[in-house]
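Okay, got some structures for you below.
Below are two complexes that have chain A in common, paired first with chain B and then with chain C.
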Partner chain A sequence: MSIAEAEAAQISLERPSGLWRDALDRFRRNPGALVGVFLIVVFIIAAVFAPAIAPFDPGKQVGPLATNPQGPSEGYLLGLDEQGRDLFSRIVYGARLSLLVGLVSVLVGLAFGLILGALAGYLGGWVDFAIMRVMDLMLSIPGLLLAIGLVTILGRGLFQIMLAVGVIQIPIFARLLRGSILGQREADYVLAARSVGVPGRKILLVHILPNSIAPLIVQGTLAMATAIIEVAALSFVGLGPNDPRFPEWGNILAENANRLQESAHLVFFPGLAIVLSALGINLIGDGLREAIDPKLKS
Partner chain B sequence: MALLSVSDLEVKFFTRRATVHAVRGVSFDLEAGETMGIVGESGCGKSVSSLAMLGILPRAGRVTDGEVRFGDRNLLELRDAQLRDVRGKDIAMIFQDPMTSLNPVLKIGRQITEVLTKHMGMDKANAEREAIEVLGRVGIPNARDRVDDYPHQFSGGMRQRVMIAMAIACHPKILIADEPTTALDVTIQAQILDLLRRLVEEEGMALILITHDLGVVAGVCQRTNVMYAGRFVETAPTHELFARPRHPYTLGLLKSVPRLDAARKEKLDPIGGAPPELTMEMQGCSFAPRCTYATQESRERTPELQRIDTKDHLVACWNPVPDQDLPAESSDEWAAR
Partner chain C sequence: MVPILLGLSILVFLFVRALPGGPAIALLGERATEESLEQIEENLGLDEPLHVQYVRYLGNLIEGDLGTSVSTRQPVTAELGRRFPATFELAAAAMIFAIGLGIPLGYLAAKRYQGVLDNVSLVMSLIGVSIPVFFLALLLKYVFGVQLGWLPTIGRLGITVSLDHPTNFYVLDSVLTANWSAFTDSLKHLVLPAIALGTIPLAIVARITRAATLDVLSEDYVRTARAKGLDPLVVDRRHVLRNAMLPVVTVVGLQTGLLLTGAVLTETVFAWPGLGTLILNAIRFRDYAVLQGGILVFAFIFVVVNLLVDISYAFLNPRIRYR
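For the complex of A and B:
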């Protein structure tokens, strides 16, 4: 290699391009985060390719009806339930609904929380006061109770559940963004932008938001784990999506809760799926926080 | 007619605990191409006055009186959208801390093109070309490659150059530099001041330089205003001010700076006491409690700026410093320090 080439290589090595690239590098060096990614990728593959992976139709009887259904055995990887349906197939298909509900409800919470938090933080004054008192009101009601109330009002159904679980996330996102914006609003670069005539709307969207958004991304992943658990909880108390053809982890758990003593596998495996997916998402969230949070940078 | 004419500017900050009367009637004229310094200690209202002129005071601050005439318009009466067209295009400002004054998540090129597309109506490609040109003009090496870099990839001095590029991108008529060198180390300070001097000359800009560093104004400014407790207490051509400071506060400032060539045993001569709380309404000269020349009159009646010595030299004092107390040093010696 000539000296010029060596120098060129050196220069390209020395050019880390930007905050997000650096954050990605830190994320990739975090073993916990990688475990989380692995878990979630497994679940996503299960959800996307469920028809190819699951050996049976999750809604159809494939084995004998039994009051004490058989556990993991040949032909039935995780055993059967009392209606003779294959548990493994049901859990694989269940990943579809659980992940979808987790994702959509977080997006709902994030979207509304983002708008409300940005308005409160940037406009301040009475707008801030009004929005934040409503958020406080929502936070004062236990999340699951609020979700149960909302589902009761809206009626059972997939969409209603996603909405309900999303709504209870709104105040968390709104508060977080508001606090983050308050910290950035008086920053020097905002004053500098104002001093050259950048209009207020642009200052909020181009300058303040990108600098305030990092904690929301972290919170978003963590909230997704909570959302999956909350949907499972709603299903468990009988307010979940109730189409037996489309199983959902919380639903499977609820159906079989009273057989915990005789056929523990019926509770153990769907529970494990919930725990592992929540763990995976949490690990990713923690990894993101460490990668993005500027205070943790060297 | 003056390019910028400020008269009786008053700014108050309203907080729950108290009302702070930060600027208490500031007036000055700035001619095209003139370089003017405003010196004073922390909290005397230097920065607040300039933020008020541009309508970018912090939320609690309000302009309560005065007029800022720029061309045929009073900036204080403009609507926000009109004022935004003035800021960055006709009057631009640079700030003290280059480490925090650039948006950390935007490429520096983007921060300059933002100004150009807003004020000059350029399209993206033209704005980018112009941004590279401006960065070159303020002395960023390899500007073509560096437009795509982020602020954290620059040193403090280079960031201040980027800030200056952002400010002068639209060829403003006035540049307000608020403590532009305070956060930089001494060798970089000299480079940035050289750059400002050169740009003022090349662009024919007027410059308002706000600083607490007397050496900086001595080297750059044609005229210097001394500010104390929200008012101008003395204004004069720089060499005149350094040679014949007539306000006791100006004299105190000059005497309180350590000298390298002073005899070892010579003690520094600080100004006793502290500046007044700006929450109070003041009677008499605000400097009177710390002033060795103060009389009964100083404590009772507030002095206005009045002509002394030459026609450009104004001082707000009932008992200006007499000739025998004046220092021996000239402004050239100050600039050299």
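For the complex of A and C:
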């Protein structure tokens, strides 16, 4: 054993290790995950400090009106849109809506998916059967179409859109948690808890759930990327959040899709923002997956 | 499959009834007068209990009656039938692109584990799952259509090309009528939309093929087959590839759902006259009869594809037999 190895062994003996600490260590050694964290930190900073970062008010005309506005120019980092608004400012402010939508809709999906999946997995029997058939049904409708249907019914408000995008995530979370719980339910520690008289609800909440949650954290992260793309897609088909005061990347892109030939910057930059934020989240999600369960690395 | 389809019909039935204004609005459009609304509600029996209405609705559905489009005054079923071939052609081309390229790519990446190709396919698949399909479609349109001018970006056929449509599958039509200029033209029109729609499935198929091949390569039976001196090509084909295909087939099935969703968006970008543009126009003009028909058809295709995937398991893996 070399000195360095001996020292390394010493260090690992001194520090108590655990699932989450080990996972954090692995995560920090994953270059892809760090790139992802960097990207997302940039977007979070843009969202939080938008008024300080954006040089102009995203909703106000600051340059000349033009049918086919030109790309980046002096004073306007990414150029102007047809109403003379500053594209860079609009994209910076757009980060607010995209991140918010990603977060809230995943929380919606996670909350309902958690409840339904836990009930199905723990109770089993006809409850399980009924819940899972409804989940199958929801999965049988392509996600965006389900979202389109829901927004048509509920209306185009921001909250309704987050709800619709969240709802299409429910079956994925429910299935995942159910599978995870089924795997844990027969574990020895559950038998041990039951045999010393721990009540069922407490077994579920205190013992099984914390042990089943890891795949959900990974899926939740990845789902945020899907949610951002999904909302942009809703905008693209004309069902996105339509408050002109709050620019949304998908909306900017959709409004200008027919100006592609003359003003490509109006399509390219908002699209790039969507790709980079989704990429960052996906990198973090993959990193988490490998960190939490190294066996899954593939 | 039947329970899922029944469930679907209930969902779509409730969808139309949950619309702001209800099914009468769905039939007549939003500018309908008060009297005509009352008239149609009476005609449709909307005052009857919900389950009675559902049974009648189901009856109509089985007869293929999905109502009438508000904007074109045509039966929805006819409209769907006319547009289905366009979407099918596009989806098939996209899937051929995704599978035809994705499986070899993933396989080679696994064979040269951590080589250049492996890393390239990894980065590609990451970008593939992060890029919205409509953005990719717009980029392709811009680069290859607008800037380079290599390929057409609108519709299924150039306006100067004439073609008879016995089936409405344009590629097939041009072969059947031996119209070769239309054949090359329709293929050219297919290229960009198919690549746009197929790239995301391609990334995912490549990634899954790679993972599955890596798994199989480390199996004992592969080592045994090699140890007994079997030709490496035979090992690869008979032992590795075939066993690696199982998860790939599942993913291809799941991707079909995404492909249909993607078709809605891709068709818009390339003005492709398929089900996707039909559904989007239905949203735009609040043509709810068409919207519900479109959703129903998409979900139906998805369910059927998943059934086909389940059946194909039995062929690929004789250990699975359905009773």
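Everything that follows uses one rule, which is that the second predicted complex is superposed on the first by the 278 of 298 C-alpha atoms of A that agree within 3 Å, B and C clash if a C-alpha of one lies under 4 Å from a C-alpha of the other, contacts with A are read in each partner's own complex, and residues count from 1 in each chain.
What we mean here is this: a contact is a pair of C-beta atoms (placed from the backbone, for glycine too) under 8 Å apart; a residue touches a chain by one contact, two chains touch by 3 or more.
A quick note: this is a predicted structure, and the numbers were derived from the prediction, not measured.
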item	value
Clash or fit (per the criteria above) of chain B with chain C on chain A	fit
Chain A residues touched by each partner, larger count belonging to chain B or chain C	C
Partner chain(s) touched by A:Gly124 [first = chain B, second = chain C, both, neither]	first
Contacts of A:Gly197 with chain B and chain C, given as first, second, both or neither	first
Partner chain in contact with A:Ala187 - chain B first, chain C second, else both or neither	first
Touching partner for A:His207 - first (chain B), second (chain C), both, neither	first
Touching partner for A:Ile45 - first (chain B), second (chain C), both, neither	neither
Geometry of the superposed three-chain model: angle at chain A (Cα centres of chain B and chain C, steps of 10 degrees)	100
Three-chain overlay, closest Cα atoms of chain B and chain C, distance in Å	15
Chain A residues contacted in one complex by chain B, in the other by chain C	none
Residues of chain A touching chain C in the complex	133-134, 136-137, 140-145, 148-149, 152-153, 155, 225, 229, 232-233, 236-239, 250, 253, 257, 260-261, 264, 267-268, 271, 274-275, 278-279, 282-283, 286, 298
Chain A - residues contacting chain B, complex	16-19, 124, 186-189, 191-200, 202, 206-207, 210-211
Partner chain A, residues of chain B touching it in the complex	51, 54, 56, 58-59, 80-81, 83-89, 92-95, 97, 100-107, 111, 114-115, 118-119, 148, 150, 152-153, 163, 166-167
Contact footprint of chain A on chain C as seen in their complex	3-4, 7-8, 11, 15, 18-20, 126-127, 129-135, 138-139, 141-142, 146, 210-211, 214-215, 257-258, 260-261, 264-265, 268-269, 279-280, 283-284, 288, 291, 294-295, 298-299, 302-303, 306
